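Each of the next two complexes has chain A plus one more chain, namely chain B in the first and chain C in the second.
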Partner chain A sequence: MLIDLLNALALIGNFVVVPGIAYGSQLALGALGVTMVYAVLRFSNFAHGETMSFGAMVTILVTWALQAHGFGLGPLPTALLALPVGMIVTIGLCLGTDRLIYRYYREKKAVPVTYLIVSVGVLFFLSGLIRFIIGPKDQVFADGERFIMKARAFKEMTGLDQGLAIKTSQGITVITAVVIVALLFWFLNRTRTGKSMRAYSDNEDLALLSGINPERVVMITWIITGALAAIAGTLYGLDKGYKPFTYLGLVLPIFASAIVGGVGNPLGAIAGGFVIAFSELLVTFAYKRVVGYLTPGDWVPDGLVQLLSTDYKLAVSFFILVIVLLIKPTGIFSGKTL
Partner chain B sequence: MTYLAGEGMCGGYGGVDILHQCSIGVDKGEVAVVVGPNGAGKSTAMKAVFGMLELREGQVTMDGQDISHLKPEQRVQLGMGFVPQSANVFTSMTVQENLEMGAFIRRDDISETMSGVYELFPVLREKRRQLAGELSGGQRQQVAVGRALMTQPKVLMLDEPTAGVSPMVMDELFDRIIEIARTGIAILMVEQNARQALSIADRGYVLVQGRNRYTDTGTALLANIEVRKAFLGG
Partner chain C sequence: MRKVFLAFVTGAMLSGAAIADDVKIGIILGFTGPIESLTPAMAAGAELAIAEVNASGSFMGGTGITSIRADSTCIDSAAATAAAERLITSDKVNAIMGADCSGVTGAILANVAMANGVVMISPSATSPGLSTAEDNGLFFRTAPSDARQGQVVSQILGDHGYKSAAITYTNNDYGKGLADSIESNFKAAGGNVTINVAHEDGKGDYSAEVAALAQAGGDILVVAGYLNDGGKGIIQASLDTGAFDIFYLPDGMIGDSLPTDIGDGLNGSIGDVPGTDSPGAAMFTEMAKAAGFESGPFSPESYDAAALLILAMQAAKSTDSQDFKSKVMDVANAPGQKVFPGDLGKALEHIANGGDVDYVGASAVELIGPGESAGSYKEILVKGGKNTTVGYR
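Showing the complex of A and B:
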């Protein structure tokens, strides 16, 4: 029956496709930050998850202040108004940690593994700082209209049994991600400064011979990374609720995204983000009701027809990471340079 | 007074000297070639002149000015262009972007210099939107030389520009190098293909174990029986 097929599609759309696109965009933005640092500074920045958390925290604090004074954006979340402040403060944080910490190791010409350990140190420091400021608990800061399309409205519109809901936060996430990615690619491929970053990432020595100033390239990289982190962290918080602990858990899927796509390659980071997001959702989705629509009534099994409990969704990232590293360690887009 | 000169250079890596009182130099509009057996310190001498190697003794002068204490980047600003032997193009960038990056320190209009490079190497104009990493060895060398020319240097230093290219491409490259020298640029290069290189050289330096063994014009070195026997295979 066609109606059953449509119901099954709506079900998958509601629980896999829509959340997958939103989550994929969040991972892509996070992975872009990781990839930029890797391409230019040549180390894996494990503190990136906490940097995202920090950006979201600042945005939340500003959002509360705005809400308290009655400012808002109507149907859109007030957090969008606060986000520029979050970005600026996070950029400041990135430049500050570079000045105080990473620059010292750069001057010493430390090996990448040293940087990695240092970034773990930054991770712990930041996570402590965040808990000092905002505490470890869940924080509510989303306001405005919750849905672009409610499940019931979809049902009434189409006459199907299954609803397809699109949350405002999901819509905002996708639109913001598209705009940010377009801006980033324009910057890297069209501007003199962006090209000099690619040149530095491609061949450091030759960039030096061409008169490109490494410290400037590093500074711009941190500015972009900080801005990306604040945006990704805030979008994730808007969509899934803000809790400091969850951002530590985000580090794994973000790194998996960057590596699956080819670390150091921005295009790869985006592709990787969606690969990881959809794999997680497809593997942890309970297909029972889909089977119900697509087969005659009494075929439906008692179980949930779920490959893996959602508790194990991190294992999906791990699994994909291991497979990629075994079969194609350079990732889909063969990374290394911007 | 030679325009660019490294004089009495001593230095090396990690406390062991590779160069011993080595002197090389070149004047504007000239081609100077440094040849010698493997491990003679040819590339090291080039690096020393360009400031990538700290000198224990000796000095480097350009236009009568002592530049021994300057970093490579600063020497680029003064008008030195350097084409390394390997990894001398940005492989993930297009030919045109490579040239743009070569001109990074310039703030003026670079389009004239760029069309000059395209006139010198017409094949690069055709391939300007292609990634430099996808080009053949000879074309890559052209990109590398073109990149260095984009700063409008007064001195162009080439470290084995014909390494790994076919003999035909090599002749072609040497022709282009002479053309560049005609425009008044001083060219200092290290070459494996000693015979061909010396035949276009106004000055030739034969280095052995970091020391100057023979110094003369290219033609005179080619005519020198000892040089021929020892270094040019008879």
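Showing the complex of A and C:
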């Protein structure tokens, strides 16, 4: 009986918990970038997915160069070594688009919806640029040890029927996400610059009166956003393989995460990421074998015991989004209303 | 002087008439679109057969054959129909070699070939739906139906002792037709299909799909998809989570890139791809090399499709589709003298002398049922990171 329970736990761990934590971290990092832009610049940056893709692309190009010269990190992917370059180039891209495009609209005091449409334009430009540089095909750049724990090794170790696999990329994703989030919170709550950013976000006029330089706040916001985007994009690419067009599809769950958690609130972005990731997985998972393990005897249900087909995965995040907007429009952690 | 001029004009008219009397075969393939990498070798295969016949001079007392290419686009039925219409009404072709993909082939057959009464032989349309499509006896294919592949898959699975299988297919006509055929054949053979679901190509992550497949379970996962797309994603995610260790790879999954991309995890997996151990295949590869192109998938079938059209015309002593459509099955099947690639000239003389031929060709043609290839397949085993051929079926 205990064995059955452990098997059921291993099963859920392998197909829901482990992928959910990794996917949730990726969404959270993406949502943090969206929420930072929203908090300070007050618009929804739809180009964020493509910015992530751009960061991942630069990291991949540097990774290839490093691999060609024989550099590596042993069991860890070489991409981690290339990531700082990806971050710097992506920050440059963010500052460049701000200087060339967004600043013009800021000076004209454009309404948020204008910004939103402008960001859609940036999205299309970036996606074209990425396809121009690296092409539309999927690229392989992960190297090093693929697994922290293999399904078969887990079975042999524990004697259970069900395996539990943890990929290196999943481990790295979670660790990096924790480190980045800790750094970000320290920056926002403890440093002078972070505090000035929060002040600017809370009340722009009061912040200006107390001598905060708005252009500096905007610049730092873009630096943080660019770095977050490069990290999130590279981690997603390491975990699930890099294909340029998948990042456009990623924008939707990222926005859902940011809004569900409370847009403009960094804590909400993280919570929202995990809420969206786990609800997508829990609702579309087939519980056939779990039910089989938890009921006495050898009985296993004939059907899959699946609430929704996996085709509707994306619909789940929108369903949650609608519910949250209806009941608590500010999101779980009370951000700003859109 | 006048006489010389007259003679010259008459001669020119005569030779002009001779050119007008040339038999024309339209080659309609997807020179643009998703299989554009395969079609040049396919068209070259068909043109090789035509060149061989022209060189022999034995076709209908020395009549020449010309070929005209047209683009089927593989996916755009409207464009394919327009191209076929132009071949028949403007270029006045006597027969069509094509089309390639199942969807456009069905569209051309229904809208153009039947309306104008022109015979068409497709080298590569494999959808089971075409077996029962209304064709007035005008449609044939040198490619087997996927209904046949379903039988082969079921046999191979049975011979390896697999009792239960999970199936996932790419969400289109090819994937669905093949998956349903595998399921019905495997069930009829006493096997158990635990799940048969579609996957979408072009997604970043297939772990949710694999989670559902893993819960249904099964000894082996049949992946009726594409090797450079969703099929690869499904296999990678299955190996990562330990959901399945062994995969069955139908024809869309066979290619050198898959074992390279996946690595050791694919070793021990099995599959199939159209192919034959008939000596004709090797002969055709040599002939293609001599003609300056590399034989590829469905290139032998294209050679055979063009050869069958020509032999049938010779047997009927007519280039009118209504006359020679009934002869296609006769020249393709026994009894008669066996015809291999390179023997077309001899075969034409044999027919002219009243003999019977049994066309074997490059792909061991044997037309069954509604005029489609019986189909022989290579059984594939992935061993040491490579696709190896273990036998023929």
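Everything that follows uses one rule, which is that the second predicted complex is superposed on the first by the 332 of 338 C-alpha atoms of A that agree within 3 Å, B and C clash if a C-alpha of one lies under 4 Å from a C-alpha of the other, contacts with A are read in each partner's own complex, and residues count from 1 in each chain.
Please note the rule applied: contacts are C-beta pairs under 8 Å (C-beta built on N, C-alpha and C of every residue); 3 or more make two chains touch, one makes a residue touch a chain.
Here the structure is a predicted model, which means the values were calculated and not measured.
With both structures placed on the common chain, the touch criterion links A:209 to chain B but leaves chain C unconnected. When the two structures are aligned on the shared chain, A:293 is found in touch with neither chain B nor chain C. By the touch criterion defined above, A:54 lies against neither chain B nor chain C after alignment on the C-alpha atoms of chain A. After overlaying the two complexes on the shared chain, residue contacts for A:313 are found with chain C alone; chain B is out of touch. Look at A:241: by the touch rule set out above, it reaches chain C but stays clear of chain B.
Touched residues of chain A, counted separately for chain B and chain C, are more numerous for C. Touching chain C in their complex are the following residues of chain A: 14-16, 19, 23, 140, 146-147, 150-152, 155, 163, 165, 167, 236, 240-241, 243, 245-246, 249-250, 280-281, 284-289, 304, 306, 309-311, 313. Of all residues in chain C, those touching chain A in their complex are 195, 197-198, 200, 202-205, 207-209, 211-212, 214-217, 233, 236, 240-242, 261. Chain A contributes residues 192, 195-196, 198-199, 202-203, 205-212, 337-338 to its touches with chain B in the complex.
Listing the residues of chain B that touch chain A in their complex gives 72-73, 76-77, 82, 84, 87-93, 97, 100-102, 104-105, 147-148, 151.
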